[in-house]
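The following blocks contain the structures, represented as structure tokens.
In what follows, subunit A forms one complex with subunit B and a second complex with subunit C.
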Partner chain A sequence: MLVNRKLILAHFWLAFAVFGVALTLGAWQMFIRSPLGTWLSNPELYYRSLTAHGTVMGYVFPTLVAMGFGYAISESALEQRLVGVRWAWTGFWLIVAGSIMAVIPIALGRASVLYTFYPPLIGNIFYYLGVVLVVVGSWIWVALMSINLRIWRKAHPGAPVPLAMFANVAGSYLWAWTAVGAALELLLQIIPVAAGLKNTIDAGLARVFFSWTLHAIVYFWLMPTYIAYYTIVPRAIGGRVYSDSMARISFILFLVVAMPIGMHHTFADPQVGAGFKFIHSAFTALVALPTLLTVFTICASVEIAARLRGGRGLFGWLRALPWDNPMMLALAFSFVMLGFGGAGGLINMSYQLDASIHNTQWITGHFHLIFGGAIVIMYFAIAYDLWPHLTGRELIDVRLIRTQLWLWFIGMVVTTFPWHWVGILGMPRRMAYFDFADPAIAPQALSVIFSAIGGFVLLTSGIMFIVILARGMRAPQVDAGAYRFAVAVHQPATVPVALNTHALWVALMIALTITNYGYPILNLATTGTSVPAVYVGAQ
Partner chain B sequence: MSTGQAHGSVEVAARVERRWATIAVIIIVGMALLAAFAGIHRATMPQPRVETTDPSRIHLSGEFVESNLGSVLEANGNVTVRAIGQQYSFTPACIVVPVDTPITLRATSADVVHGILVQGTNVNTMLVPGYISEQLMRFTKTGDYLMPCQEFCSFGHEGMWGKIKVIDKTDFANRAKAGGRLSCVGQ
Partner chain C sequence: MSARDLFSLNNPHFTRGVGIIAAILIVTAIAGFIVLPFAQPWIQFANVWDAICSAAGVVQRTATVAAPEETKRLSDVVLTSHTLSRPSQEAIGRGATLAQRCAICHGPTGISRADSPNLAGQYAAVIYKELHDFRSGARSNAVMSPFAVNLTDDEIADLSNYYAYLPRLPAYHPTPQLPKPNIVIFGAPLRGIAPCGACHGSLDNKTGSPWLEGQSEAYMKAQLQAFAEGERRNDISQQMRNIARAMTPQEIDAAAAYYASQPPDVVKAVD
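On to the complex of A and B.
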């Protein structure tokens, strides 16, 4: 029962529009710093572009997808009209206002601090205020998801919360708490300095605050993808979810252990001691658990679909899968990229191995493969799946959709695999150009060219995606019926309270954050290591 | 399908799932134990201690005054290198060290966040203003190594490349006899 289609479409269209802009910037960056481009006479342009690319891809695009998808889940899984539509629109317009407010100083070169902020570099205050508005807008969504679930619970006492909504609300709580780290950094540290009220800032403390957000935000980006794995894919390919409870356990594990692990981003930092570095490393290993469980459950669910379609044998069933179905393709591509990206992630979080690749191009390759690859390809699949229900029109170009998904997959592999490789060779991140004539850097040139070509394949695929959706707005009308989610092989009649509610897990998430972050933050906040701010764009 | 069969399949499904969950937990615990073992037994771990400094005064007194930057041969035969990063260079811009010698790199930033990465090695540390980074290293081959700043430090970041020159042990010892702090300058 999708009633507020306009609201959901607005979120998706804004998400994909800003995605298109940021993707174009990304492709330009890949090109201009490769041997194919010529050195920028003004390298600062590169960092403007990089700040815009990161801010949009990190904060605006996935947040809008999660919000739009969340509203769709709330209405269709709960079969209940969205409560608080006016608030939802307020949240949407806050994000529009925040994005515009942030992008103007970026475009003027007054906020080239990258989306990771990096104090004591300080940019124009409107950049930070814009980001704050985006986050505040998304917090309205968090509240609405919680309120809508509460209303449903009252009407259905004791009934199992539909898996899609259970996961969606878990994701929203994760985001609410995750964003607090960066919010504290912005409100307590950066904004007072950007406003001129102070002129010193503790860079070490800021890095720890930011690590609180920086890792768990990845799991917030991941949530819509995992929800699609569990609740859309099995239905779309004619299978069943292998296990409803394992799905719930996976989402609960994400909620609890995605948070207290962010300091693995600071292994190479001098402001955190070895003890907390090790604790965070061990907890990061733990967050691999829900992914390992998910890989099993989804593969089993896919096998069910294959066997229902007459698949036989130990591996012969793979042939019986509906490979012409875009959802099947997207899932397969997503899993391949998740596999490689996940393996790379284990290296990044490793207490010992991190030093070999920290802050090299390996890291950029890694998160583009995981986020841009495994996660975003499922955003495409979600949009394709939802579109007829939102527009009342059919997406007729299935072949084009398949080509688009293939191109994204190929583009992502061609872009990120050489990217990882130059990282191993020691190529640093975030440089506007490289001296490929230097014999020590020359061996990296070919890999960088491959990455740049891959970037253009991705851009082509991204444009195709937007064209397909736009054409879908004018396609022949169709009655898409009610939007449904996958059902489990053994659909539960009752679910234990622990697997049906979030309170206990939210409490655990907060408690673990306090144990894993409380002491380092207090310690840093009381040592008094503030340093003079360095204002950018002021020269 | 009778209810008995349905029950059976639930149990089979749960059993397979439990088995996989157990394997997953074993993999993860194994990884954590391996990291702990390597960290404690082989002493391979990220920088363990936190030391602070005041970047607005480092040029005036203390460990990181200009005359103290560079490499010094300690009494026990080890080498200590002191360096700072500032927008957009390292001082010394070219660090000289002996081969096959335990080296302690002590560095900090004079302004914003920088990083030191030595290509072809796993020497890799952040320079955060207000804090001192310490990294142990040892080179097994002589030659020149590029040492880029690996963290965005504003508009000149792409130009911030240092170098490490690894030279023969006796050469280094001879140069160290004159006293003072060594760098590639005067080589």
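On to the complex of A and C.
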């Protein structure tokens, strides 16, 4: 029962609108630093664009998708009207205000600090305040998800929480806690300097705070995708979820081990002790567990669908799958990209191997493949699946949808595979231009050209996506019926309290944050290693 | 089942969940803080506690290693965003009086006829830093050093504010404007050279870097050569020495000639 459709549509439309803008900037960036473009006479323009691209793609776009999808899940999985609609709109408008506030200084060149802030670089204070507003807006969503679940529990004592809502709330808790790191960095470190109250900053401490956010934020981006794997795909292709418990275990594992691992982003930083780096590296390896569980469960669920459709044999059932169904296509593409991206991730999380690719284009290739590829393609799938229920109109052009998904997949592979390759060859990231005329890097020119072409394929696909959704707003009206989620082979009648509530796992998440981050933060905060701030765009 | 039952030793999910996580944490901690530090044969630890502290990132100051002797003085100027902010009219006036002794080389309007830098409208932070460096000996020049050595902190600040206050005028012997050479627009990415304007004002200004438009060609060339040879060393993190060392003599000539030919009004204004 989707009642507040306008609220959900507003989140999705804003998300996809800003996504379109940031995607265009991204394609321009790929082009301008490839051998196809002429060098920028002002590299600052590149960093301006990069900051806008990262801020939108990292903070605004996925947060809005998670929020809109979260509201949809809350209403349809719990079958109760959303409580706190006015608050939800407040959160939405805070994100609108925050985004505008952040984008203006970026456009003026006053905040070209990239979305990861990179202290001691300091930009205009309104950029940081804008990001804070976006986060505060999303925290309202976190609170609403928790409150709505609580209301449902009161009405259904002891009943198993629907899987989609259980996972959705787990994702919201993960976000609430992981955003605290960046919030501490902004409030304690960056904003006082940007406001002119201080002129030195402890860059090392700030980076540790940011690593608290930086890795688990990826799993927050991932949550809607995993929810779609478990609760949309099996239903859409006519199958069943292989195991409801396995799904719950995957989500609680994300809650526990996604958080205390961020220091693998600071392997090259001298301010963190090697012992803590090792612990974070080991816990990062554990994150593979919920992902592998998910891959297994979803493959099993898909096999169920194939066998129900008459598929036979050890692998012969693969042919029986509904490959013309966009949801099937999106899942397959997402898994392929997740596989390659995950394999690359094993290099990044290894303390030793990381040294060979740290701060190279490999890293940008990696997170574009995982986030832009495996995750975002499922955002598309979520939107396609929800759209008829939100608009009351049918998305007729299935062929266009399939083309769009194919193009996104091809574009992402063509973009990111050469990107990884030049990274291994040592090409650094965050550069406005490269001198491809120099014999030292001339052989990399071809790879970079492929990458840039891939960027334009992605842009084409992104435009198609927005066109499909916009046309869907004017298509003939249909009754899409109630929005349903996939059911499990064995729908749970009762669920152990540990798998039906989040308290234990949230407690473990916080405890591990304290053990893995407590001492390094305390140590850096008490040793006083501040350096002068470097102001961007101002004397 | 209530929350009390969840956090109970009778709940196998609780005991196993917490137990497994705690076990992983303990095993990784032992490996990271004890086993791996001792596995590095090139580092000697006095005892286990020493190894743990090292792996935890405790800053260790060993007194046995002597700091290298300072052979040359380094710049010790501290510039913050407040150092020279909002000078009073009196301060500028005092600076004007003091500046009379500078006029013989730097010109009565701050425009030099003697291949010395033009100071009119230069960033205050730049004059402040260079005067401090001349006074401390971090930078030395047979003519400038004796002038700077007797200046007080206040006098240096007043002089900086006065020159920054003067309007930027065209150079005394302006030459026809030259086209931008590549070294100025793009730098040389593979040699680690940023575009000059990234610090020197036309794209962005990094505190302490002067704008260069209309300055004497001979002066700029001499400074680049001095940086390249290590004779001038008051750039704190060797920013200019690293750049000048990587520049070819032709690039030095081209950059100096280009900047000398430019009017100073293209420089980014100070906030």
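In this text, the second predicted complex is superposed on the first by the 538 of 539 C-alpha atoms of A that agree within 3 Å, B and C clash if a C-alpha of one lies under 4 Å from a C-alpha of the other, contacts with A are read in each partner's own complex, and residues count from 1 in each chain.
What we mean here is this: contacts are C-beta pairs under 8 Å (C-beta built on N, C-alpha and C of every residue); 3 or more make two chains touch, one makes a residue touch a chain.
Here the structure is a predicted model, which means the values were calculated and not measured.
Peer 1: Is A:M246 in contact with subunit B, with subunit C, with both, or with neither (first, second, both, neither)?
Peer 2: first
Peer 1: Given the touch rule stated above, what does A:L121 touch, subunit B (first), subunit C (second), both, or neither?
Peer 2: In the superposed model, A:L121 contacts subunit B only, not subunit C.
Peer 1: Of the partners subunit B and subunit C, which touch A:A332 in the superposed model: first, second, both, neither?
Peer 2: After superposition on chain A, A:A332 lies in contact with neither partner.
Peer 1: So, A:L446: does it touch subunit B (first), subunit C (second), both, or neither?
Peer 2: neither
Peer 1: Applying the touch criterion given at the start, work out whether A:D202 contacts subunit B, subunit C, both or neither, answering first, second, both or neither.
Peer 2: First partner only, subunit B.
Peer 1: Just to be sure I read the superposition right, which of the two partners does A:T501 touch: subunit B = first, subunit C = second, or both, or neither?
Peer 2: In the superposition, A:T501 touches subunit C alone.
Peer 1: For A:I279, using the defined touch cut-off, is the partner it touches subunit B, subunit C, both, or neither? Pick first, second, both or neither.
Peer 2: The second partner, subunit C, only.
Peer 1: So, does A:F434 touch the first partner subunit B, the second partner subunit C, both, or neither?
Peer 2: Both: A:F434 reaches subunit B and subunit C.
Peer 1: In the superposed arrangement, which partner chain does A:V256 touch: subunit B (first), subunit C (second), both, or neither?
Peer 2: second
Peer 1: By residue count, is subunit A touched more by subunit B or by subunit C?
Peer 2: The larger set of subunit A residues in touch belongs to B.
Peer 1: Across the two complexes, find the residues of subunit A that touch subunit B and also touch subunit C.
Peer 2: The answer is residues 43-44, 271-274, 277-278, 282, 286, 431, 433-434, 438, 440-441, 527, 532, 534, 536 of subunit A.
Peer 1: Give every residue of subunit C touching subunit A within the complex, in rising order.
Peer 2: The contact residues of subunit C facing subunit A are 1, 3, 5-7, 11, 13-14, 17-18, 21, 24-25, 28-29, 31-33, 36-37, 52, 54-59, 79-82, 123, 125, 180, 185-186, 188-190, 195, 197-198, 203-207, 268, 270-271.
Peer 1: Enumerate the contact residues on subunit A facing subunit B in the complex.
Peer 2: Listed in rising order, the residues of subunit A that touch subunit B are 43-44, 46-47, 112, 114, 118, 120-121, 202-204, 207, 242-243, 246, 266-274, 277-278, 281-282, 285-286, 288-289, 292-293, 296-297, 300, 346, 350-352, 354-356, 358-360, 425-426, 428-434, 438, 440-441, 489-490, 527, 529-532, 534, 536.
Peer 1: Which residues of subunit B touch subunit A in the complex?
Peer 2: Within the complex, subunit B touches subunit A at residues 6, 9-10, 13-14, 16-17, 20-21, 24-25, 27-28, 31-32, 35-36, 38-39, 44-52, 54-56, 87, 108, 111-113, 115, 117-134, 144, 146, 148-158.
Peer 1: Which of the residues in subunit A come into contact with subunit C in the complex?
Peer 2: That would be residues 39, 41-44, 158, 196, 199, 256, 271-279, 282-283, 286, 431, 433-435, 438, 440-441, 496-499, 501, 503-505, 507-508, 512, 515, 519-520, 523, 527, 532, 534-539 of subunit A.
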